[in-house]
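Next come two complexes built around chain A: one with chain B, the other with chain C.
Let's turn to the complex of A and B:
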């Protein structure tokens, strides 16, 4: 049996109380949300916080609400609440799709959106979808609050700009422009409890149903230290008329943007091939949805 | 320092003093002597420790007992009504969905949670709902059939 090391446990009644506590703990405290990643790492001995701070009494962190045509999601909303939410499915189906790919039903019932972001795993399921949607995260501290774009949030495997005294409280997704479609595809050996070999999320915005691409976002996951934009692919798509040839060209450029490693889940060569395939597929689906405006507009 | 928590397990309320580093699996097994909940991998991969926490099946090895303070929990011991088995338990026995039995409590809790939410699942939906519970004996086919048969019986 894997045992947990000793630690203290606190359940502050409000966010300000939690922030004061974390500030006082000076890096020895850690927020526990779903615990599906943190407790595993603590059992394996890779993290040893002196005190865990649970925010389960802070109700506001568990709310999903509409905001200016977009969405505001509390950091402690669980992955299954996102996967099952009608509001998410109708406004941002790509986010619901990525949520339903995470872990297993049992894990999804505990794991939270905030946890999936702050752990900063290079293969995490929600960040690619959140990145194509242009999400921002709200970070609260005892003395200062800030909102940062998810684009600048991750700094490496397991690292991000969040400070030990800060709490990620909310994820804000802006309203999608018209004629926008998106997709997320995760490639794994099996459909559950799987860490992606490669995952890709893409989003296209057209100026009109049969028009040109006015915004293109292609995010590659598990093929670089963090989820990354396939910058050259995005550049090649901008201002162009969508076609399968264009998508094939963009997919090849995306392969050049990736820097996969060979590990137990897959070889670098195979991963590059799969970047090519998945970029093409996600672009095609994004384009079809953008043109038809099916299933909401993202 | 130990914390005093209240757990309502299978409709019985318990007050337990627990150290923060003890998981819900440990407290159920060691303090409440409910040995039906198994610990397999301890890291959320196998599902042997599945319990229903406030209506949702979860891996109890990744829940701190202190986090579950004030919650309602259902374990395998709370699935049958007295001496009469739940239809899912009956069909597991009848259709050979149990071999060594280690995964069975978790499988049954995931299956009963599914049927409460979705009384007539497709085969695909059953497989998805059980995808966090590993079985190394049966090859899953009999388990899926047992859940589908229980769904048919519960209809009547």
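Let's turn to the complex of A and C:
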């Protein structure tokens, strides 16, 4: 039987209060958001915080707002709020799509975007989409604030640059250039409650509807210790005129960029094959959306 | 068909309100003053000698009230089949799988009990670990059970007709192999129990079980108590599917510790322990050689099967027989040979699970039949129609098809799915497949040799005539038996379902073998019907004395007395009733004499009215060894059409539609029949596409959680078109027979056949994960 160990629980009403608390707890405290990762790990005994600091009363962390054609999402916004948000769907549909792939409706109602990022699981659903969108995260501590690009955030499975006394407060997504399209595909076994066997997110920006690719981002998930850029695929796409052949070539390069392992969810060979399939598919969809876009959103 | 008031309807379940509101209490919800919590020490090793068990530190931990090992529990052997009692409550000499029980602790709270368990020190000497059939059967392999050198836990050889001779007449002979994977029951409620041994030496056990009767007997036997001193009660149960059909060590440990401490002891399985206890579906390795004539007549089958049994026997002796005996039917098959071997391995024990023993056999063989139909250039539906049995046929292994709506099932799914417009006409990547199924409607014999009734039932009318109390030891485990039995009682007695209070799942209410082998609707249903008829007779006899109308000229239906030859003057009885109930609001009125009034008269003249029923099957066919497994008073059958889409670039299978027809004899509750069909399909879909209990190299379950062991979610289930076929079974109450397990039979092969139709590959190993199918398609492309 997995029993939850004993711990103290605090519900600060403001961010400064929360930051002061975390600073005082000196690493014995941990932020709890939806708890869908943290409580499971505490039951398993892999983390044993003496005190949980809940952010649910900090209203400022629960907002989604638009910012110069971009988006700002508070860290405590739930995954279902993102999946159901009209604002997200109209500005960054790929983010809404990735959110709707996470867990099940019950999990999505509790899980938060901040938790999904900080937990740094190699197969987490939101980071690939956030990475192609060029998201930055705002980290705040008692005495210092910083904003880091998500590209530099993850350092390994379960680890990132965030410090124990810091709180991730918001995710900022810059406004997309015109003629940009993106996609996220998660391959799992079941239709819900799945950890990805492989997931891929891609984004393409064209100089004009029938023009060349001026920006290409391909993120591979579950095939390396963290979500990674398929660097050689991205390079091969840049400056090229989009075509199925080009995407096929990029997909093969992406396979080379991946380093999957065989585990209980799938074999390495199958994962490589799926990188190939999913990169092609996401590029095709990204291209179609970029071309059809009358300029403005991704 | 006869007109009925209560049965053959869609009345809501009697437990619907309690379950929808969360009011229903399951074993884990129970609690008692002074209650202790128990926890068990289970082996971390798959195979080892026990050199020493030291419980000193555990006993010293504050809050611990009892620590028990084999020294306290004794060495009594138990199990499911008396011929294979190979389990002990706690291991004494060695452990045989990761999870084998070694000791238990009772303490003031669960945390303390678990901490005490961690303080028990066991010294082991590791033994070679045998994790698969090959290593267990290898020359010189160590015996997991000393009495079974070679690790063959059971072996079956049967031949009906003459297989070799029949092959000579065949134009096509094919041999194919098939294997499924070990499945988990995947029920939502992990096993749980609460034991209370009182000051007078009476033991009561509340437990999440499918059979209060078998648990009662096992506990009495192992603890050396008279059966009459052991009462087993089943609260609401959240699914069983087979693994809960026999006693478990936790139940016995809780009883033992309650007896020793004089305090109630509650114990619960975690989800991981559910996987370790298992007793769920075996892994079967089948090889089928089937001979068919060019005109499509199926002539002969040789079925060889190896079962990976795990560490103990459990229901496995029945499983090995079922893996042979359930084939052939529903087709006319004159010659059938079967060789089965159940092998002990150092893994959790396998047992019974929905479609007991027959699911993998059915899947593999129906896929082979599809291949044969293609070789014959025959439509698979036509091929099956040509070969199927009809009511009145008897199989070569002596099963009597007292009713068999197989043709109606096949035609039902053919027409319901629009087969003719789709078969062979779908675009690449889309496919359609068909398969049939067949299952017993209740095991013909109890699991222990006995003349016992299989089900008894008692009805007691309340003294005011307003209520009908039905007492049965049958097990409502979510499948809906309380509703079915309540409906049968109401119909047979002539009242409404609202008048019936169903009291079930308690050994104090009689004998019932429980919820397994799809037996309760037929068997418990018979007993209940008899009890209701007995009750009705007594009421009418009492009425006859008062009114001077002969019993045969009266009946009860729709809550009122029917006078077939004109209504007598019953005003005296009405006045009497009304006088007795002065101040009541709902006095009987109107032109009819109500059941209430009649029942009141019966009480006043005769005392408490109690009706009894008891059922056991009549003479069944089969005199050969093993005939006891598979013979049944009736057989259900089914057919299914599945439509799939295969994503050829990922191997992912999406089930687009399922059309399922099942012959349940007669639907007591149409919604419940459909519920069983839908549930069977979802379980079959899971086994076909997702489910597999996996082990690491040391024999530990690698996916003992519902996160990594995947049962289908609601989103994986397509809409199902259900077709109920009613063949009116002469041996069933009101013509009813099974639907609970048989409905799973066609699901897997229909999926496999649809996948073949979509992409042209045959998969003979489950589950068909996208990875397995993708690899098979890649392999085919290379060729």
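Note that in this section the second predicted complex is superposed on the first by the 294 of 298 C-alpha atoms of A that agree within 3 Å, B and C clash if a C-alpha of one lies under 4 Å from a C-alpha of the other, contacts with A are read in each partner's own complex, and residues count from 1 in each chain.
Going forward, a contact is a pair of C-beta atoms (placed from the backbone, for glycine too) under 8 Å apart; a residue touches a chain by one contact, two chains touch by 3 or more.
Computed from a predicted model, the values in this text were never measured in an experiment.
Placing chain B and chain C on a common chain A by superposition gives a clash between them. After overlaying the two complexes on the shared chain, residue contacts for A:277 are found with chain C alone; chain B is out of touch. After overlaying the two complexes on the shared chain, residue contacts for A:7 are found with chain B alone; chain C is out of touch.
When the two structures are aligned on the shared chain, A:189 is found in touch with chain C, with no touch to chain B. In the superposed model, A:104 makes contact with both chain B and chain C. Looking at the shared chain after the overlay, A:43 reaches chain B, while chain C stays out of its contact range. Contact with neither chain B nor chain C is seen for A:268 once the two complexes are overlaid on the shared chain. When both complexes are overlaid on chain A, the residue A:52 reaches chain B alone and has no touch with chain C. 1-3, 104, 191-193 are the residues of chain A that lie in the contact sets of both chain B and chain C, per the superposition on chain A.
By the touch criterion given at the top, residues 39, 110-111, 114, 268, 270, 273, 649-650, 652, 689-690, 694, 702-703, 707-708, 710, 712-716, 769-771, 774-775, 778 of chain C touch chain A in their complex.
Note for the complex: chain A touches chain C at residues 1-3, 104, 187, 189-193, 195, 197, 264-267, 270, 273-274, 277, 281. Chain B meets chain A in the complex at residues 1, 3, 19-23, 26, 39, 42-45, 47, 50, 53, 56-59, 61-64, 66-67, 110, 128-129, 131-133. Residues of chain A touching chain B in their complex: 1-9, 11, 32, 34-36, 39-40, 43-44, 52, 54, 56, 80, 103-107, 109-110, 191-193.
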